[in-house]
Structures are given as C-alpha cells and as structure tokens.
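Some structures to go through are shown next.
Same chain, two partners: chain A is paired with chain B first, then with chain C.
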Partner chain A sequence: MHSQAMFFRARADERVDNPVLQRALAKAKPLFVGKRAKGIEGLADDGMEFEALRQAAAAIRNRVVDDLDVWLEIFEERARATGAEVLWARDGKEICQLVIDVARRHGVTKAVKSKSMLSEEASLNEALAGAGIRPVETDLGEYIVQLAGEAPSHIIAPAVHKTLAEVEALFACHHGRSPLPRTAADIPALAGEARQVLRQHFLSAEMGISGANFLIAETGSAALVTNEGNGRMVTSLPKVHVVITGIEKIVPTLEDFATLMRLLPRSATGQTISNYVSLLTGTRRPGEAEGAEKTVYILVDNGRAGLLGSPWQDMLRCIRCGACMNHCPVYFSVGGHAYGWVYPGPMGSVLTPLYTGLENALDLPHASTGCNQCGAVCPVGIPLSRLLHDLREAQVARGLRPRRERLGMWAWGRLARWPGLYRWCARRAARYLAWLGGAEGRIRVFGLAPGWTAGRDLPAPSGRTFHELHSSRQTKIG
Partner chain B sequence: MRVALYVTCLVDLLRPEVGFAALRLLEGQGCTVLVPPGQTCCGQPAWSAGDRPLAAALAQKAVAELEGFDHIVLPSGSCADHIRNVYPELLAGDPAWAERARTVAGRTRELSDFLVNVLAVEAVPGRFAGTVTVHDSCKGRRGLGIKAQPRRLLAKVAGLELREMAEAEECCGFGGAFAVDFPAISTAIVDRKCQAIAASGADAVVGGDLGCLLNIEGRLRRRGDEATRVLHIAEMLAGEGG
Partner chain C sequence: MSSREIILARVRAKLGRSDAAGRRTRAEAALAAPLRGPQPVVGDDPAGRFCAKASALASTVERVPAAADVPAAVTRYLDAAGLGRCAVGAADLATFDWAAAGLAVAWRGAVDADTVGLTGSFCAIAETGTLVLLSGPRTPASLSLLPETHVAVVFADRIVATLEDAFALLRREEGEIPRSLNLISGPSRTGDIEQTIVLGAHGPRRVHLVVVG
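So, the complex of A and B:
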C-alpha cells in the first residue's frame, strides 16, 4: 500500500470532525475493551494467570525471533515434506509477482481471499486485478471495505469504521436491490446476504489466498484463527491455496501454539477460543474429500529482517491481536485510516516508520500520549510506548525534527541547567500568564502555544512562582 | 527524616498552591522538608521529545541536587515515574553516575504513595463537603502502581464521599507536548474524560498530576462547566478544597 502516513495530522483532524466515523468508533470501543477484560478475567477460571501466561508467550516468541533463520529453515524443510511449495518474497512487489506466477501456472481467473494484512502491504488486490485475476475478499469486514473501495481500518475488524447505515447502502448498491431501513436486528440478515454472494465465489474460484496467524515449525503447518468460517472455504475449496505470511510468524511447536492461543482470542475479541481454529498441513492426500491440490507458502520479509538486532526487535513478537489499538485513546479518536498505511494504532505507529522509512512517518511516533495502555494489555509484552519513544530518539539522532523544535529544546535545555536565570524567566512567565488570565483567571487564546487553547482554556496562575513565594517565606521565618 | 520536596516545573509556574499543600502535609507528619533550591525540571520533556543527551544532562543535575536526602517526594506521578524508572536507565552507561542515579531513584516517591506506604498516615487535615471522583494519571497508574493510595487518603478527608467515574484509568489526552502538538486529538480524548466526570455526578475531580488537571479543568471550562472543581490530591488532603 502506498503510505499516506506523512499526512497523519491532516487525516486525523478530518476524522476527529467526522460525526459518522465518531459514532462508529464510540460504539466499538466499549465492546472491545469490555470483551477483552472479561476474556482475561476468565483465565483465572481455568487456573491461569495473565502475567505468567504473557511471560510464557513472550518467551516463545523471543525464542523464534532470536534464531529466526534456523526456525525458518526448519519450517521450510517440514512444509516441503508435506508436499507444499515454499517461496520467499523480499517485498510487496515480489509477493505480487509470485502470486501472479502461481495463478498463471494454474489458469486462475478468480481468487477468494481470507484476511491477510500482508496482502495489504503488497497492494495485492490491485496487482491481481491488473493481471486479469479477480480478487474477492470473503471476510465480512474485508468484503465490506472492498465494496467501498477502501482499505481495512483495523487489523481484526477491518470495517469497524463503518456504520450499519453505510453497510446497508453499500450492499443495496452492489447487490442490486433497493435500500431498506435497517436496525441492529437486521445485521444477521445482512451477513446472510453477503454469504449468499460469497458462496458463488467460493465454488467458482480456482485459487484461495490466506494469511496465517502462525506457522508451526515442527509440523510445517499453517494455523488460521477465524470466526466466520470463510477461512476454511478459502483454504479447502479452490484447487490452489496460497498462504502469505511474515517470516516472524513461526512458533516452534504445537504446544507453543496452544499457549499462544490461550491469549490471542482473549486479547482480540475476548473469546476463550475463536469459532474456527484450522491447522493446515500440506496438500490433499489420496482419499481425502477436500483440500487444496497445491499449497504454496510465500514467506515475506518486507522490512522484518531489518528489525532483528535493532532496538525494535521486540516488535517482531507481535501476534496481531489488535488489543493495543482497542485500548488506544488516539486510535479511538481518529480511526485506523488516519494512520495512512496498513497497520494502525500503537503497533502501526511503530511498524509504519520502520517498514516505510522514519522520514515518511514523522508524526506517528509522536501521536501518542505515552499512556502505555497498549503496553499494559499486550499479550506478548511488547513495550509499545517505549518503542515509540525510541523512534523519537532515532528521529532526533537523524536530525529529522523541525528546526523550530530543535531550537526551542536547545534554549529550554540551557535554561533548565541554569537555575538563577530559570527562576527569573519563570517569575516573568508567571506574571505574564496572570496578566493574560485577567480577572477571570483563565486564558482563552494563548499565542505561544495555540494548540493548548484550540480546544481548552488555560487556567492562569496567580502571578508568583512557588520558589519565589517559598524563598520569601523562608526569609520571613529567618 | 530529611525529605526533599521536588515541586515540579508545572507546579512552580502554574499552581504554587499545590507545592505548599504538599509541604504542609509532609511537615504535618513530622518530616523535615527541604526544597532543594537549584531544582528546575526533571527533564521529562526532553526525554519525551527523544533528546537523550539533554535528558541525561538534566538527570545528572537533579541527581546531584537530590542525593543527600532520605526521601525525595514529588506531587506528580509522571515526574516521579521519570526519576524512578527512567533515570537509572538514562545514566546506566556512565560509571560516575549509574550508582548515584539508582540510589536517588530508589528513594523517590510520588506524594500519595509516600504518605501511604512510607509514612502510613492516620489522619489528614483536609475536609470537603461533597462528592469527589479520581482521575488515575497514566504514569502514576502504569509506571508506579498508584491506584489505592489516593483513595485510601481521600477516605480520611472529613465529609468527602468518593464517587468513581467510568474508565478512571483512561488517559485524559494531556501527554505533555502531545496536547499542544495534536490539539484536535487531545481535545477529543479529554472530552471523553469530561463526559465520564460529568456522568459520575461528582462535585470535584481529584488527580495527582497537574498536567492532567490543567487539561481537564481547561476543557471542562471551555465546555461551559463552571461548577466542577478540579483539585490536586495535595490540595484536597491539606484542606484547600473548602
């Protein structure tokens, strides 16, 4: 996907003022937060404890990331032994090329897709369409955003930004019927309508494209965690199945997979387990009624290997549950599209600059209040706030911050190291602010920091600093 | 017990009353309180902006000023978190400073945490005839584990009735430079906080960080809420709530 992350500020401001989007977000947030809280509480009923589980999960992911090359070789060997083909892609362009090559070899004219954020990194749908292959998204949310000509705005709830009325309008238009008045009670009917349309595609597509939540090294399998059942259709009905996944998605054993599964659905949707958990191993064997005749893994770098050994290596533990964005005050103020690339929210603000260039996403590391709610809920203990901080340091080290900010920081830094002068300036500032506040003691427009007074008043001080008052009291006492 | 009161740059400039309230509370508990005269800013703004050398220089300055005390107390979770959790790491690579930074960090406490967990205070002078809701500031909550401390202290304030707001631990949208840098987003976030405060029906909102409180008060007033009082926990405990 072509990144628009450098326009974060403008895109965010637009969305803060969009009442339709705000309604959709306001509805979704308490659901996400409430369900996850319940899911995590439920761990205790099964005799498990979040913190201990999180450490175990982090250890599993670290074990893989620390020796990624070795695990990749093991996976490749085992997957080949199951009859699958394993291909490697350095970037989005190579993903598209490989998928199109496979499609051409098998005479594919239509590909059904289950959710894959990597295919968004690669703009795969556009490339397929350009090559004369029709891509059809089959995850309900992905289907909605595809009809709307948009990108997903959330990694597990792609159409979370859409209201019921918007979905109804889209379905009426694309399914060739007249629009109907709809309430929440009609949601199952709308889902059913999409199912009817998608069924035809499942039966006629020659290729299924999916991501994988995990790759299991010991068995050479792909694990898919889904709720709608479309993942099963995509991976078992068409004769060719292509799995596109990042190289960091490996877990060593099925046992490790089970540990991660205790956290993934709970963190994402609050479920103890998702409706479907599929382990796909190899191709259709003789005597089996279904399954792909050809399975191809495309293992993608697209910037991931560059994180190894860097201050951001922790990010490679990410299992894409979405909990960080579901608990992010910024995400729920602006929605996912404001972030401008594939991944939104805290994990996106870390990944976008790392995968698309620091200089192409200057605002994202700063678009955080530092509240660290993301870090508190992350099931694999990624210190997201800290990683954002380290990106800020990297910007400073590379001279990417605006001159005004650098000058201001330099001047303030000199002052803060010189208490005499600092006190004198603070006294002047306190008097000036008190004067600005006037009789009502409140500043409504503050030219030195207009951002502050754009949406709020600045309560004005009384005019004397603490140190000034304190030293005069000390003198009196003395 | 020699206690250093580090009032923070925001309190110094914008609400000295908080500093004096903290001072009275500590002295009332029998502490010998000194206000190290050279204090300016702990350096958190430099750290947050990604300016590590400046943050380290300001950390050294503060460590030198604070290392002679038994305890260092701040009326701010965010600055206390910076000294406790960031200083040791910031100065870890410098043999002349690493140990000193660790020592100062270990002696540093946020005010309500100090009152409860070090002094184990029995009574506070504050009285307040009304309902109060608490905003849990992010750094205090998630950096220092401050949650029960302010509530235990508020329970000792005569006349005060605690009324929890929904999502008390949710960020208020301040975030230091963030509030000035991204005003529209910050306003959207603090609006949700204001709604939660209003829904609680409390007469006053209390917090441990002046940055958050200025943000909340500023937005409440801009929204036309002139009634809800916004007080620092030190002010409420010391009896300035009225």
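So, the complex of A and C:
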C-alpha cells in the first residue's frame, strides 16, 4: 500500500470531525475493552495468570527471533517435506510477482482471499486485478471494505469504521437490489446475504490466498485462526493455496502454539478460543478427494530483517491481536485510516516508520499520549511506548524534526546552561501566564500555540516557578 | 543471489550471531522434546466440562449412555429442528445402524447443496469445549464446513483436558499431522457489522454434539 502516513495530522483532523466515524468508534471501544477484560479475567477460573502466560509467550517469540535464520531453515525443510513449495519475497513487489506467477501457471482467473495484512503491505489486490485475476476478499469485514474501495481500518475488525447504514448501501449497490430501511435486527440478514454471494466465489475460485497467524516449525504447518470459517474455505476448496507470511511468524512446536493460543483470541476478542483454528500441512494426501493440490508458502521480509539487532527488535514478537489499538485513546479519536498505511494504532505507529522510512511517517511516533495502555495489554510484552519514544529520539538524531522545533530546543538548551538567566526567564514567563489566566486561572486563547487552545483551555500556572516554591519550602523546613 | 539467500544473509548479518551449527542442534533438540507452557486446571470431570464449555459457545449437546443410542439421538435432534432426515457423513461412522433410526446418510465429502454434515471426532478438548477433527480419505473436512448443520459424535473417553493433550494424542496415535487439522468450537460467527455477533457466517449455523458415555 502506498503510504499516506506523512499526512497523519490532516487525515486525523478530518476524522475527528466526522460524526459517522465517531459514532462507529464510540460504539466499538467499550465492547473491545470489555470483551478482552472478561477474557483475561477468565484465566483465573482455570488457575492461570496473565502475567505468567505473557512471559511464556514472550519467551517463545524471543527464542524464534533470536535464532530466526535457523528456524526459517527448519520450517522450510519441513514444509517442503510435506509437499509444499516454499518461496521467498524481499518486498511487496516480489510478493505480487510470485503470486501472479503461481496463478498464471495454474490458469487462475479468480482468487478468494482470507484476511492477510501482508497482502495489504504489497497492494496485492491491485496487482492481481492488473494481471486479469479477480481477487475476492471473504472475511465479512474485508469484503465490506473491498466493496467500498477502502483499506481495512483495524487489523482484526477491518470494517469497524462502517455503520449498518453504510453496509446496507454498499450491499444494495453491489448485489443489485434496492436499498432497504435497516435496523440492528437486520444484521443477520445482511450477513446471510454476504454468505450467499461469497459461497459461490468459494466454489468457483481456482486459488485461495491466506496469511497465517503462525508457522509451526515442528510440523511445517500454517496455523489459521478465524471465526467465520472463510479461512477454512479459502485454504481447502480451491486447487491452489498460497500462504503469505512474514518471516517472523514462526513458532517452534505445537506446545508453543498452544501457549500462544491461550492469549491470542483472549487479547483480540475476549474469546477463550476462536471458532476455527486450523493447522494446514502440505497438500492433498493419497486417497483424499478434497484439499489443495498445490500449496505455496511465500516467506516475506519487507523490512522485518531490518529490525533484528536494532532497538526495535521487540516489535518482531507481535502476534497481531489488535489489543494495543483496542486500548489506545489516539486510535479511538482518529480511527485506523488516519494512520495512512496498513497497520494502525500503537503497533502501526511503530511499524509504519520502520517499514516505510522514518522520514515518511514523522507524526506517528508522536501519535501517543504516553499512557502505555498498549504496553500493559500486549500479550507478548512489547514495550510499545518505549519503542515510540525511541523512534522520536531517532528522528532527532537524524535531524528529521521541523526547523522551528530544532531551533526552539537549541535555544532552550543554551538557556539551560545559564541557571541565573534561566530562572529569571522562567519567573517572567510564569508571571506572564498567570496574568494571562486572570481570576479564572485558565488561558482560553494562547497566542504562541493557538492550536493547543483550539479545543481546550490551558490551565495557567500559579505565578511562581518551581524553584521559587522549592526554596520557600526549604526555608520553612530549615 | 536468490531472494532466499539475500533474506537469510540479511537476517544473519543483523542478528550477528555465530555458531550456526550449534544453534541448529539446540533448535532440533527443542523440537524433539517439546516443553509445555503454563497449564490450565481443568478439573476431574473432563466430559462435564467439555459439554458446559461447548454449550457456552452456542453448540447444542446431548449425552447418551452408549454408542448404540447415537443414531436415534441424531434423528431426534434433526426432527426437533425440522432439518429433514438426509445427511452426508464421514465413513468412520458407517458402522452405526443409521437405517434403523430412519436416517439416510451418504458417505462422502459435502457439496454446497448438502444440509447436514455428520462427523465423528479424533478427540475433544475439555479446556475450551473444542472438537478436534483430522482430514483424511474417510474423514473429509468439508463435512464440518459446507452444510448449515454439523452434527458430531464425541466419545467421552476421547475427551482430553488440554490442547497439549490433544497434540500428544495425535503424535502417539497418528505419528503425523494430516493435511488439515481443525479445532472447531461452535457454529461459525462474525461480528463485523457493528460488532453484533451473528451465527452462521460462512460455515455451519448449528453445531450439535452427541456425547457418548
């Protein structure tokens, strides 16, 4: 996907003022937060603790990342032994080329897709359409955003920004029927309509494209976690199955997979387990009348290797549960599309600059209140607010901050070297702001930073600096 | 250089770790002796727990005392729900006397027009109320996917405590993993329109479990 992350501020502004989006987000947030909380609380009923599980999960992911070369080779050997083909892609362009080559070799005209964020990184749908192959998204949320000509706004709830009325309008238009007045009671009918339309696509497509939640080194398998069943259809009905995954997605054993499965659904949707967890291994076996005859893995770098050995290596533990965005005050103010690339929320604010270039996503590391709710809920213990902070430092180190800010920091730095002068200036500023705040103690319009007071008042300081208060207190104690 | 070599070289360079052979040996050793993470306390009635968890996930459950009672129980369920008396089934269930219970079963994989899919199960998991189904010539995975109704037979003595126990059973009895291993926990569902849960997204709308013993 072509990144629009450099326009984060403008995109965020538009969305803060969009009442339809704000309504959709306001409805979703308490549900996401509440469901996860209940799911995590439920661990205690079975005598388990979140913290212990999280440490175990982080250790599994670290083990893989620390020896990634070795695990990739083991996975490749074992997957090949089951009859699968294993291909490698450096970037999005190569993913598209490999998928189109496989499609052409097998005479594919239509590909059904189960949700894959990596295919969004590669803009695979556009590439397929350009090659005369029709891509059909089959996850209901992905299907809705595909009809709308949009990108997903959330990694596990792609259409969270769409209201019922918008879905109805899209379905009426694309399914060739007149629009109907709809209430929440009609949601099952809309889901049923999509089921019927997509069922025909599942049965007629020659190729299925999916991601994988994990690759299991022990068995050379892809693990797919879904609720709708579309993942099972995509990976078993068409004659060709292509799995596109990042190189970091490996877990060593089935036992390790089991540990991660105690955290992934709970963190994502609060479920103890998702409806369908499928382990797919190789191709159709002798005597079987169904199942893919050709299975191709595409192992993708697209920036991931660059994180190894860097201050951001922790990010490679990510299992894409979405808990960080579900608990992010920034995400729920601006929605996923404001972030401008594939991944929104805190994990997106870390990944987008690292995968598309620090200079192409300058605002994202700052799209954080520093509250660290994301880090607190992360099931693999990724220190997201620390990583965002490190990205801010990297911007400064590379001289990427705006000229005014750099100049301001330089001036402040100079001033701080002269404590007497610094105190004198601080006193003047504190008195001035107190005077500006008046009797109410609030500044309604602040001339130096008018944007800051556009949406809220600035509380005025009392008129005395910290130094003054501190020395007066010291004198009293003395 | 191929993309494979370029990516692996980049990974090795960034990791900056030597002793590839030693690391490989340690990784192989970890695979040969898999370790379990924190385990749940599942209790001493796995069958009871399995039934309770499966019901909570919107499956319907009936317990019957013996295998001979299964066909009549399935017919009863289908009649009560008005689902007719035709099904497609997995050949490993062909030994039951379905004709005596008035049920016509075709032993093959499912197609779009089939309304009821009948399967056994490799085992089931008490921890989460989950069925474990293995694909194979006699157990096509389409049976639990395409029809609107999935009826599964579970033997109580095949209900294990945890997911790890199911994997241990798989290694012991099958030796290898099939083309598709499906963990199924209730009817398919979606919450993609305004976070409202709807049952029957792409897979079955109903999952009925007959638990034997």
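In the analysis below, the second predicted complex is superposed on the first by the 452 of 478 C-alpha atoms of A that agree within 3 Å, B and C clash if a C-alpha of one lies under 4 Å from a C-alpha of the other, contacts with A are read in each partner's own complex, and residues count from 1 in each chain.
The working rule: contacts are C-beta pairs under 8 Å (C-beta built on N, C-alpha and C of every residue); 3 or more make two chains touch, one makes a residue touch a chain.
If you're wondering where the values come from, they're calculated on a predicted model, not measured in any experiment.
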item	value
Clash or fit (per the criteria above) of chain B with chain C on chain A	fit
Touching partner for A:131 - first (chain B), second (chain C), both, neither	neither
Which partner reaches more residues of chain A (counting touched residues only), chain B or chain C	C
Touching partner for A:358 - first (chain B), second (chain C), both, neither	neither
Following superposition on chain A: angle at chain A, chain B versus chain C, Cα, nearest 10°	120
First, second, both or neither for A:367, with chain B first and chain C second	first
First, second, both or neither for A:58, with chain B first and chain C second	neither
Chain B versus chain C as contact partner of A:434, first or second or both or neither	neither
Minimum C-alpha spacing, chains overlaid - chain B and chain C, in Å	20
Chain B/chain C common contact set on chain A	none
Parts of chain B lying in touch with chain A, wherever the complex brings them together	7, 9, 11-16, 19-20, 23, 35, 37-41, 43, 45-52, 54, 57-58, 61, 138-139, 142-143, 169-171, 173-190, 192, 214-215, 217-219, 221-222, 230
Residues of chain C that touch chain A when the two form their complex	2-4, 6-8, 10-12, 14-17, 20, 23-24, 26-28, 30-31, 34-42, 53, 57, 108-109, 112, 127-128, 130, 135-137, 140-142, 145, 162-164, 167, 177-196, 198, 200-204
Parts of chain A lying in touch with chain C, wherever the complex brings them together	24, 27-28, 31-32, 46-49, 52-53, 56-57, 60, 63, 66-74, 87-90, 94, 138-141, 144, 157-160, 162-164, 167, 184, 187-188, 190-192, 195, 198-199, 202-203, 217-219, 221, 227-230, 232-233, 235-237, 247, 252-256, 258-259, 261-262, 269, 272-291, 299, 301, 305-310
Sites on chain A touched by chain B in the complex	9, 12-13, 16-17, 329-330, 333-334, 365-373, 375-376, 389, 391-397, 401, 405, 409, 412-413, 415-417, 419, 422, 426, 429-430, 433, 442, 449-459, 461-462, 464-467, 469-471
